[in-house]
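In what comes next, subunit A is part of two complexes: it sits with subunit B in the first one and with subunit C in the second one.
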Partner chain A sequence: MKAKAPLNCYFNHERIVPAVFLVLSFLAWQISGLTGSFVLNQVITRFIRDGLLVLALIIPVVAGMGLNFSITVGAMAIQTSLLLVIAYNIEGVPGILLVMVIGIFLSVLLGYVLGRILNRVKGKEMITTIIIGFFVNSIYQLIFLVGFGTVIPVFNQEIILTRGIGVRNTVDLGMYRNTIDKLWLFSIGEIQIPLFMILIVLLFAGGIYYILHTRFGRQVQAVGSAAETCAVLGIDTDRVRIKVMILSTVLAALGQFIYLQNIGMFDVYTAHLNTGIISCAALLAGGASIKSAKVRQALLGIFLFHTLFIVSPQAGQHLFRNAALGEYFRSFVAYGTIALALIVNVGNENRPIQRK
Partner chain B sequence: MENILQISHLNKSYNGIPALKNVNLSVRAGEIHGLVGANGSGKTTLMNILFGQPVIHETGGYQGEIAFAGRRIEFKNCSQAISCGIGMVHQEFALIPDLTVAENIKLGREHTLAFTDRLLGRQFSYIDNRHDRASSLQALRKLGIELDPDIKIMDLSINLKQFVEIAREIDRTDLRLLILDEPTAVLSQDNSWMLLEILREMSGRGIGILFISHRLEEIQAVCDRVSVLRDGELVARYEKNHIHINQLARDMIGHSVIKAAAGKRKIEARPLITFRKFSVAMPGEEIKNLDLNVYEGEIIGLTSLPGHGKLALGYGMMGLYPVAGEVWFNNERIVRMDAMDNIVKGIYALPDDRQGLGILADQSLENNIVFTANQAKNMFSRSSLFPFLSMLDHRRTVPHVEKMVQDFDIKCASFKQKVRELSGGNQQKVCIARALTAEPRLLFVAEPTRGVDISAREKILSMLIEINRTRNMTIVFASSELDELQRVCDRIAVMVQGKIFKILSPDSPEVDFALALSGETGMDDDV
Partner chain C sequence: MPWRCQGKQGWTMMFNNLIKLPQLIISVFLLVLIAVAWLLQMDMATLFNESLVKLVMNGVLVMSLIPMLNAGVGLNFGLPVGIIGGLLGMCLAVNFRMTGFYGFCMALLFSLAICAALGFIYGLILNRVKGREEIAGTFIGFSFIPFMNFFWTLVPFQNREMLYPIGGQGLRPKISLENYFNHILDNFCVIRLGDLEIPAGLLAFFALLGLFLYWYFHTKVGRAIIATGENEAFSKLSGINISRTRLTAVIISTVIAGVGICVYTQSYGFIQLYDEPLSMAFPAISAILIGGSTGKRAFVFEAVLGTYLLQSIYLLTVPVANQLLIPELTEILRSFITYGIILYALLVRETRRDCR
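What follows is the complex of A and B.
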């Protein structure tokens, strides 16, 4: 006797959501009147900026922990390290390396703590990561509003407010700009291709793919599918989940660093606030769900989501002849994606055949 | 031969209720040691202790001493047991639903690409899927089964899951002690004997084996020694050649069993349900274009080799898998398969997958038994005016549950106990009790005696017969136990490749069944 795997239905969310995005972005692009090369250049930039942040979400999803909104914590870790290094006036490549080292150290620590916390709230990870994100944000603000210049000595007066305490709203990253972004940069017609940075993102994507196909990755999958059974099979669920959170937080930290240095300056108090939402939306746009995510969905999702993200304000403006609507359209797209993906997910769970 | 395992003065209780009392047991290297006992006698508890299962810790640990290979052990978790070379085939399976067959079999022992192993260490070396698939196929073949290694576990039927569960353990090369908790409960006889052959071969290699089964013939055939548990106490032990089935049965339950048997009769009634070109797309258990009439008031048996579709009929009637074709119930066509609609019409299908579909694990025994009847027919609600809002009427449920617990001999601490905490066989009894409580006109049962002890098996069978005779309940009885079908059914349909191959009368000779099962036409005419 021979048993065969069932034919996968063609119309599942893995296909529907990206298809909807494709159609929407195309329509919005037509309405917006933006040139193709402009949009493409923008999308490539966003691909580099947001790539690692979106990739950081994959492993927690596979581990059954849902969307990790606390990648903002990783972002704050790297921002902290960045501000420390700037405060001591360390420039150039040594500065970049030091930022990385401190940032990774901090995010390993924070990832560990996050993992420990999430192990206590199994099944409610998503809401917990959102709240933790808010909470860490308030600690972060406290440190930079009153800690800098008082408890922490600062040798770089440019970043301090005139009263001598607290960091300015915006800090210039000029001293790191154009160090890695412009490596191997070439253009085809009007389109600029920063090959080195694209390769970096793809390298990390390959890394995630690789990890998911190792013994560790298999354990992550098992934990995501049936945590209780894992204990019986000799897999230490809690440890796997902690490792997953550490990995995700470190990746988020590196991702935020790429993001900030690419922009060239950063809003100390707000730069990290939207990373969670936007990255999650991008992942979902690629067809991932809160139960399953693949590397290719992340890569596809970044392209689709950001295309829509770039053209929708212009499209909105053209449609309704109102400039203020632009920003509104962006948040509409971001939250709309997440809401849609969540609904599609719940719908899938109710299909009787997918039983535990 | 030295003892690989030595258990002395082992005691274990759950919430003050003892489950094991002063148990002494040893297993020699290269020995197959049988363990028998009625449902709830503590067999699984004993195995769980040996394997370091978390549930033992969570319920307060145990007292006593266990030595493994001469060293005293006290496992905190299963991974310690696994790394000592202990393997376990779990009664309720330890399979990961989202992983495939091959991934489950090789979990923790995956083949990896050698150079990544050296480069990045054990945890982060790249898995060689092709290699894994091949070696899991090999393990499955040893058990006499061909199975696509890329199917996800959640799409498999219970008996295919059982194969995967066993294959995972026999594929291990580092085993020193193998624990098997009712591995043959859902296997057909042929497959069971193949497994026993493998066990013999493994014990020949010096592996100690602890084997639990409710099928005493298997115990007699394969065990070097057998120990009998009764209410948590070890009451007897026999050496090979001194194992007698009747003696074992008496030791287990304290009395001998009377075999249930229905009288022979000829049913001449109208069809209650008719299947025309009926198909069910259940992976590994498909039904294709089945035509069948089930007459009112009969008990019809369904049997087949594993994978030939006997289990899928009930699942199809519950709407769990896509179906095609026509179904006429009581001269009315059923257009949409919906479990609730069907229950209201009087059709109830009891699946063989009790963990996944049969029980509400975290609900009380009482709720489990009355749940369906109350949902579909408000049989136990306090007010008939607002049935959805009203609570259970305990004055009516308690006597009913009491009767069921007595009839089936369900071993429980109280009616409020969570079903999760009952032993495997007792969970099975709860499922049957629930089906009978709903009083359907047409009942589909699949492997109803899976994992129940010899005495409870007869109770379930005679209950099915009784309820069929007194309430005129029509029963479609799918099972791989031919002997049970022969004693209970009026007709037995043999399925091959998802179709009815032949319908035989229960007193047809064995050979006819054997021939029909393998798809060869015998001499006899159809009934």
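What follows is the complex of A and C.
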């Protein structure tokens, strides 16, 4: 009885949510009057930009830790290393490699700390990750708005505010722009397909699929389903959870790097702020829940969610003569998807207990 | 074993970890700031006067957390729900051009009715997500804000002073209360002692609310709320209707939050609509935690103490940061303290629960 009920609702959930998103984004697209090829091009770009960030969420969900809103921490790690490398004027390929190395090192470190923290707050991981995101953001701001130019010497004066303290709001990434984006660029009609980047995202997707089917992946799934059984099986739950957080943070860092180099501009203080929420909403749009997530749901979710995201301001413009309404609609969809997922999932989780 | 853990050891742990450390750090920090302000030869009397106004301005919002905390619903991260109810109440009062005390009282009355209705729905949802109220509340609040942005844009209010000057549709993000009930409580019965101005009317209003809460938790219903928060299973056995008790607590919390934003706004001078309530929950929550609340049980005194400490720090960081020529430092320090305190409390609280 107990096993049957959640399975049933999960089965429905997996299909209904993507279907709703499909209908909504189709309607919004029709109203917006944008051409299909424009939307498709945009969606492909977003797929590349946000793909890895969404994929970073899967493993923590499988491990039963819920949505990991602290992927913003990983994003900030790579941004920190990027700013450091720019501050010391290291250009070209060595620069990119150095950014990766420092970024991964930082995010492994931060992921370990995150894992340790989340092991202390079992059952309340999601609210903790949100607060951690905000908290680390304030430290990040402290470093770059106050620390740069006062405590930390900077050799690249272009990125510093005129007063000599603090980094500018936007930093140009001209020296790294379009280095890998334009590789293997195909055009079919008006649609441009940067095959190399798509393959990279799919490679990571395959990698996560593979990891979930290795011995480590089985351990993660065991941790996610029942912590008690793990103790019997001899799996060190805390260790697995720390590893999961490290993996997720590193993936988020790499994802943010792809995101930034694709845009080519870098909003130092705002680029990372919404990554957590938008990625989580995209994952849920694909039919995942806070208890289970699959790679294909993540990939589907990015397509559906970002289609809606792209067309809704124009749809608002056409429907109400007010583009702001479309903006409100899309933030409502982003927050609302997460809120609804939480209410439905936790509600279903509680129901058998309440009946007893 | 569980007795010992909860009894003596639990108490010492609480004193060592929770009550002493953050309060101590915050108090020392406040003293340092006061010393710096004194050294910079700032007008201490004015600062003191302002600190009293700030205490009540934010204190009512902080008090609104108490009923939910006591009922075991947790920290109310969904504070925006109540805040929006209050904002709507004030907008109605301004729309009907109600001025002075009459206007303020009508605004309170409107928000009372709206918040009671909103609190009822919010409470029903929170009962469904028992055990995960905090994360669900966060996203209910977050998603309610863009939803209400629709409303603010499309609502057919008539008062020109509230609408966008161009186009005449949609409410302004900041509505001035200059002609309505600006500083109505602040300027009520001000006692002047030399340089000191003590807003007696404002403080009396605050004290009245505090006394109401104190009295309420000594009535039968209030005691039932506390019992539910402390031990749900036991309360159920004693014949308390858990769901209804929690619902009552949520409604009271939401109503007081509505009153709180009315008090805040009359001090601030502008009704702030749209995305403004988004981050209002966090300072309020950290205030009650600084006051020494365990995040499981809260007293009126803790709310008052915490608000005074936090708001005095907020107040003092502005001139000090300006003196250091980095104005952004204020905001960064604020968010650092706010989120740091919440994170700390989450960590300590969850660890303490393990002990049981």
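Side notes on the structure shown:
One rule holds for everything that comes next: the second predicted complex is superposed on the first by the 336 of 356 C-alpha atoms of A that agree within 3 Å, B and C clash if a C-alpha of one lies under 4 Å from a C-alpha of the other, contacts with A are read in each partner's own complex, and residues count from 1 in each chain.
Keep in mind that, in the parts below, a residue touches a chain if its C-beta (ideal position, glycine included) is under 8 Å from a C-beta of that chain, and two chains touch if they have at least 3 such contacts.
This one's a predicted model, so the numbers in the text were calculated from it and none came from an experiment.
After superposition on the shared chain, subunit A has more residues touched by C, the comparison being subunit B against subunit C. Using the contact criterion defined above for the overlaid structures, shared-chain residue A:Thr249 touches neither subunit B nor subunit C, since it reaches no partner. By the touch criterion defined above, A:Ile211 lies against subunit B but remains apart from subunit C after alignment on the C-alpha atoms of chain A.
In the superposed pair of complexes, A:Ser70 makes contact with neither subunit B nor subunit C. When the two complexes are overlaid on their common chain A, residue A:Ile343 makes contact with subunit C while staying clear of subunit B.
Of the two partner chains, subunit C is the only one touched by A:Ile139; subunit B is not. Legend: residue contacts after superposition of the two complexes on their common chain; A:Thr229 is shown touching subunit B, with no touch to subunit C. Of the two partner chains placed by superposition, only subunit B is touched by A:Gln221; subunit C is not. Contacts of subunit A with subunit B, set against its contacts with subunit C after fitting on chain A, share not one residue.
Per the touch definition, subunit A reaches subunit B in the complex via residues 1-6, 210-211, 213-218, 221-222, 224-226, 229-236, 352-356.
Against subunit A, the residues of subunit B that register as touching in their complex are 51, 53-54, 77-79, 81-83, 90, 94-99, 103, 107-108, 110, 112, 116, 120, 122-127, 145-148, 150-152, 154-156, 160, 281, 283-285, 305-308, 319-321, 356-357. Of all residues in subunit A, those touching subunit C in their complex are 66, 117, 120-124, 126-128, 130-132, 134-135, 137-139, 141-142, 145-146, 163, 165-166, 277, 320, 322, 324-325, 328-329, 331-332, 335-336, 338-339, 342-343, 346-347, 350. Considering their complex, residues 77, 125, 128-132, 134-136, 138-140, 142-143, 145-147, 149-150, 153-154, 170, 282, 325-326, 328-329, 332, 335-336, 339-340, 342-343, 346-347, 350-351 of subunit C touch subunit A.
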